[in-house]
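In order of appearance the chains are A, B, C and D, and numbering begins at 1 in each one.
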Amino acid sequence: MAYQPIRIGIVGGTGYTGVELLRLLAAHPAAELAVITSRKDAGMPVSGMFPNLRGRVDLTFTEPDVKALTACDLVFFATPNGIAMQEAAELLNAGTRVIDLAADFRIKDIAEWERWYGMTHASPQLVAQAVYGLPEVNREAIRKALLVANPGCYPTAVQLGFMPLLRAGVVATEALIADCKSGVSGAGRKAEIPALMAEAADNFKAYGVPGHRHLPEIRQGLAAMAAKPVGLTFVPHLTPLIRGIHATLYARLTDPSVDLQSLFEQTYAGESFVDVLPAGSHPETRSVRGANTCRIAVHRPQGGDTVVVLSAIDNLVKGAAGQAVQNMNLMFGLPETLGIDGIALLP
Amino acid sequence: MAYQPIRIGIVGGTGYTGVELLRLLAAHPAAELAVITSRKDAGMPVSGMFPNLRGRVDLTFTEPDVKALTACDLVFFATPNGIAMQEAAELLNAGTRVIDLAADFRIKDIAEWERWYGMTHASPQLVAQAVYGLPEVNREAIRKALLVANPGCYPTAVQLGFMPLLRAGVVATEALIADCKSGVSGAGRKAEIPALMAEAADNFKAYGVPGHRHLPEIRQGLAAMAAKPVGLTFVPHLTPLIRGIHATLYARLTDPSVDLQSLFEQTYAGESFVDVLPAGSHPETRSVRGANTCRIAVHRPQGGDTVVVLSAIDNLVKGAAGQAVQNMNLMFGLPETLGIDGIALLP
Amino acid sequence: MAYQPIRIGIVGGTGYTGVELLRLLAAHPAAELAVITSRKDAGMPVSGMFPNLRGRVDLTFTEPDVKALTACDLVFFATPNGIAMQEAAELLNAGTRVIDLAADFRIKDIAEWERWYGMTHASPQLVAQAVYGLPEVNREAIRKALLVANPGCYPTAVQLGFMPLLRAGVVATEALIADCKSGVSGAGRKAEIPALMAEAADNFKAYGVPGHRHLPEIRQGLAAMAAKPVGLTFVPHLTPLIRGIHATLYARLTDPSVDLQSLFEQTYAGESFVDVLPAGSHPETRSVRGANTCRIAVHRPQGGDTVVVLSAIDNLVKGAAGQAVQNMNLMFGLPETLGIDGIALLP
Amino acid sequence: MAYQPIRIGIVGGTGYTGVELLRLLAAHPAAELAVITSRKDAGMPVSGMFPNLRGRVDLTFTEPDVKALTACDLVFFATPNGIAMQEAAELLNAGTRVIDLAADFRIKDIAEWERWYGMTHASPQLVAQAVYGLPEVNREAIRKALLVANPGCYPTAVQLGFMPLLRAGVVATEALIADCKSGVSGAGRKAEIPALMAEAADNFKAYGVPGHRHLPEIRQGLAAMAAKPVGLTFVPHLTPLIRGIHATLYARLTDPSVDLQSLFEQTYAGESFVDVLPAGSHPETRSVRGANTCRIAVHRPQGGDTVVVLSAIDNLVKGAAGQAVQNMNLMFGLPETLGIDGIALLP
C-alpha cells in the first residue's frame, strides 16, 4: 500500500535519539526525510557519523535553515532542552507540525519547569497548547495535535506501569516508589567521563537521588491518572547495558480484593505497544531491544499488600524515537504501528 | 506488493540461529511459518522461549514429523551438525527444498569432513548435489538449488574479505592469515561454563588455535577463488560482545601496482549486502548489528607489501539466518533483499 | 610479623566463592592451604580450573576425605546448600572449626528453612549452635564460635544498610523495601542457559519476585535489629556486571528530626569494612570490586519522609569469601583486616 | 620485614595509569606517597576522584611544585606525552630518579619520535641516557638507571611474545605480524565520544591500521632482539573489555626443528612475571586482571611453518603501572616482586 509521503525535517539529530529516529524513518513507508540540521556538524554526511545508515540515508547535516524546515510537514526536535521552545513557534505558524523529543513542552507548570531545568521558558503559551505524547493516555488529543511533547524515557516506563493501579484507585498514592534502571545510551552521545566504557561498564550505581528532572514529569502524569496529587520517590540508576529501561514500581494496595492481573490485562487490552506478561513473569529489557514495546508484569509478593510492577522499554524506542514516530502516525492519520513494528533483537 | 506465500518449516530452532530465523521470517512478506520442530521442547510456545517474539510468532514447538515438513515448500535445518544429513533426503524426495544452517553439506571432500566433524557422513551423495550458499560467489547456482549448505559465520566473513584479492591473483596464497574475533552468540545457546557471562565478559582469548572446524570450509572456498590450494592460518578468538564477527586478514601482495580500493569496490559494485568502506576506514561490528551486511575495508599499512583486510558481519545474520533467507529469496525467485533489509541497530 | 599458621581445608571450591576464597587465602599471612576437595574434579590441579591461581596455588582437588579435613584447624564449606549440614558435625566433634558459606546454618527457624530450601534439615541442633557471621552485628559471638554461618550476599548488603535505621527505631518497620541488583557471578559457576553471556549481557531483569531464599534470612536479621518482626518486600534483579551488589533500600521515616548522616557515621565509626560516604553521595559497585568493603550512602529525597539507603558490596568478597576470612580472623584472634585489606580494582 | 621508605611523587595521576599506580603504591611496603600533582584538579582529594582509594590514600592533588618533587627519591610521570621531557631534567639534576609512563623517552631515534608524536623533542640528550624499562630485556641496566622509559602496553605484550623467537633466530624477520586487541582503559580517562560505553560496548573494531604510535617502539625493541631491522605489521583493535591486552603474533618459522615450547619455557625460566602456559593452551586476559603477569602460549597450527604466539597482559599493570613499580623495585634494590604480587581477580 502506498502512503502519501510526509515531508520530514529533523533539528539536531546527532545524538542517540537522532540516529534512532533516522533508523526508523528511513524504513517508514510514509516518511520522506527532507532535511536534518546540525550547526556543529553541517556538511557531514549522516552516514559518516552513523555507519549503520550507510546506503540507507543519503542526507547531509545542514546549517539550521527555517525555510527548509517550514517546507516540511513535520519537524522533529532531537535537540538538547531549551532549543525547541525557541524555534517551534515559527514552524507552527508556517503550518509545520512539531514533535519535540526534549523536555521543553512536557511540564504544564512553567515555574516548576523553570526550577528543574534552570532556565526561563521562552514560549509558555506553547506549553499550554502542546499535547503530552503518551498515546496510551492521550491518543485522541495527539491525533489533533500540532505540537507534541514526546515523553521522557523514565516517565514512559513509570507511567505505563502505574496507570492501571492509579486509574482504578486501588493503591495509596502518597508514597509511590519508582526504582528505575537505565542503560547508558540514556545519558546521550556526550563526551563525558562518567559515561566512558572504562567507567560505566561492570559497574552499577544510583544517581540523582536528591532530585532528577524526570520527577516532576512523572508526578504530573501520575497525578492526572489518580486525579489528585501523588507522593513519589524516584531513584534512577545507571546500569551497564546500552539500551533499556527497567522500572520496578512499588505501591501499597488499598483494595486487597482487586485482581491485579486482570486489571492490567484489561487496561491494555487494545494497545499494540503494551504487552502485559502472564502472571509470575519478569520482563527483560532485551525482549524490547530495538522495539517500540513496553512489557509489563504485576506481582503481589507473598500475597501481602505491596504491589510490585515491572515495566521494561527500550529507552531509545518506546522511550524516545519510536514513541515519536507513533505520535507522528497518529497526527497524520496513519496506522499507529506503521514503520515501528520491528521485532526486538534477541540475543 | 503481495507475494505467493512460501510454506516454511524449521527443524530445531531453539538456538540463536533459530530465533534469528524466526525474527526475520515473521516479518518477511513472502514467508508463511508453518511448523517448527524440537524434540526436547515440543509443546512449548516459541514465544515462551524467546520473549522478543511475543505477539509476533504464534507457533508452538512440535515433535519432529516428516509429514508436516514435507508439506512445506522449504525446510530450514537449524540443528546441530549431523542431523540434516540424516533427514534431508526424505524431504528432498518429497519435493521440499532444504537449507541447512549447520555444516553437513558444506565440505565437498567427505573424508575431510569426517575427520573434522568426527562422524561418518550419512549422505555423501547429497553433498555433491548441495550448493554452497554464499550468494556473492554462487548466486546462479543457488537460484536453481534444491539443497543449500548455508556457510559458517567465520567462513562468510573471511571469504568475502579475501575474494577480491584471490580472484585478482594479486597476493601470495601459501601463507594467508585470518585472525578472527567472534561474539559469544557464535558459541550457541548451550549451557556450558566457558560461555557464562561471569566467564566470558570482560575477557578476551583465542581458542582452537591447533585447529577449528571452519578451517577446511574456508580453505575450500579460498582455493576455489584462487583456483589452486591455499595455505591458511586461522585463529579464532572469543570477544565479549553478543553479536558480531570481525576478521582481520593478512596477505602478502605480489602485485604492488594494484589499486586495492578500486579492486574491492569493483568486485562488490553490484552487491546489496557487501559494503566496501572508503579508503582508510575501519568497519565496526555494531554497524552491522542485526543487519545482513558485510562491511569491508582494505589497507596497505605504510605502503608495504602486506595487505590488511577488515571484514565485519553479524554472525547471526549475514553469518547465519540472514544469509539463509537471502538464499531462500534466490531459490524462490524473490527480490534478493526481501525481508532482510533491516537497518543495523546502533547504538 | 609472623603468624601461627592456620591449617585450612576447603570442601567444594570449584565455584566462584571457592576461587575467591583461594585468591584471598593464598596471600593471607596466617593461612596454610592444606586440602581442597571436590568429588567431581578430584585429580585436577586448582590452577588448571582457575588460571589466575597459576604459580600461586599448588593444590590439587582431592576426593572428600574426613581424615584430611579433621587434620585442619578450620574448614570452609564452599558447597551447594545441604552439604555442610551433613558433614559439619563430624568435623566439629574432631575439634575442627567450620565456616559454611552456604545457607545451611543461617536461619534459626528450622521449619522456615525447610520450606524455603525444600529439604529436611540434617542437623537442627547445629543451627542453634551456629553463629551468624556478620561481624558488624555479631563480632563477639564470632570470636568464640566453632561454627559460623557466613551470610548471603544480598543479606549482607541489605542488613548493613538498614541497621542504623532499625537499631535507632526511626523508621516504620512494617513496609521496608529492598530493591537489589546483583552481578552475574551471584548465580554461581553453573552451566545454565540464563547465565550465558549471550542471554545476560546487555540485559536487565528482575527475578524471584514471588519469593527468593534470601528473604527469610534478611527478615530474621532485620527483626533482630528492630527487636520485632518486620515487613519486607525484597526484589532481586540480575544486572550485566560480573561482581557487585547494589541495594537500594526504602523506609518511611517516623522520626523526622533524626540526623541520618550522623546516625550512619556513628553506627559505623569503628568499622574497618563499612564506609559511610559523605552526604549526597552515590556508591558505585566498582569502588568495592575485589575489596571487602561495604560502601553506604543515606538520602532523604526532597526532605520528604522516605529514607533511601544505597549500599554496595562485592558479592564475592564482603558478600561471601572476604567476609568468611574476616570471620576466620576473628575466630583465630587475628587482626580483623588481615589478608583482606586489598584495595578495590578500578577501573 | 621493614623497608627503608622511598619518598614518591607522582606528576599527573588523574588517568587510569595514575589510579593504578596509586592502588599499587598505597599497599607497597617500601613506598611513601608524598606528593601528587595535577594542575587541573589541584585541591581535590585523590579519593574524591577515585572512590576505590577512600580510606587508603589521603593525598590531595596539588599544583605542580618542583621543590616538592625534588624532595622525593623517585617521581613517576603519569602524564600525557610531551610533559616529562620538559620536566625530567630538573628533577634528575636534583638527584631525584624518574620513571616516565608516557612515551617521551622510549624511542632512541629522535627524528622517528618526532615524526610519530608530532612535536619537537625537548631533551634529546635524556633520551640517550634513559633506560627502556622492560625488565625481561634490560634488568641490569634498569638497576642502575636514573631515568626509566616505561614501555607502552602493546609493546610489552608484543615484545615479550616475540622475544624467544627473535633471540633464537628461528623465524623470518621481514614479515612479522602483531594482531593486538586492547580493552578500553587503554584509551585513557579522556572524555571522547568513541570511548563512551554506548559506542564501545558490544562492538569490535580495528583502529589506526595505517599507523599507530606504538609501531616504532615495538619495531625498535624487536630489532634489538633480532640484531637487525625487522618488518612488522601491527594492527590494534578496540575490544569491549575494561582491562587487558591480547596479542596474537604470527611469524614464519625458518628452523622447523626447533622445540618451541622448550624455547619459550627456557627463555622465561627465571622470570617472576612471565608465565609460559603448557603446550596447547590459550591465555585469557582475565587470568591477569589486576596482576603484573604476562601469560604466553606458543602454537604451530597443523605443524605448518607459521608460529602463533598468544600473549596476554593487563594493560594497566604489566602494561603500565605494575611494570613501573617493578622498575622502581629494581632501581632501589628491592625484591623485584615487592608489592606487585597480587593475584589476578577472576571472575
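Following the convention adopted for this analysis, contacts are C-beta pairs under 8 Å (C-beta built on N, C-alpha and C of every residue); 3 or more make two chains touch, one makes a residue touch a chain.
Note that the structure is predicted; figures quoted are calculated from it, not measured.
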{"item": "Chain pair with the higher count of C-beta pairs in contact (A-B, A-C)", "value": "A-C"}
{"item": "Chain whose average C-alpha position is farthest from chain A's own", "value": "D"}
{"item": "Length of the line joining the C-alpha centres of chain A and chain C, rounded to whole Å", "value": "39"}
{"item": "Between chain D and chain A, distance of the C-alpha-averaged centres to the nearest whole Å", "value": "45"}
{"item": "Separation of chain A from chain B, taking each centre as the mean of its C-alpha atoms, in whole Å", "value": "36"}
{"item": "Contacts with two or more other chains, residues of chain C listed in rising order", "value": "16, 183, 185, 189, 198-199, 201-202, 240, 242-243, 283-284, 286, 289, 347"}
{"item": "Contacting residues of chain A [partner chain C, same complex]", "value": "175, 177, 179, 181, 183, 198-199, 201-207, 209-211, 231, 233-235, 237, 239-244, 246, 248, 250, 252, 280, 282-286, 289, 297, 299, 301-302, 304, 306, 308, 310, 312, 347"}
{"item": "Residue numbers on chain C that touch chain D, as the complex places them", "value": "16, 19, 23, 26-27, 50-56, 185, 189, 201-202, 242-243, 275, 277, 283-284, 286-291, 293, 295, 316, 341-347"}
{"item": "Chain B to chain C touching residues, read off their complex", "value": "16, 183-185, 187, 189-193, 195-202, 240, 242"}
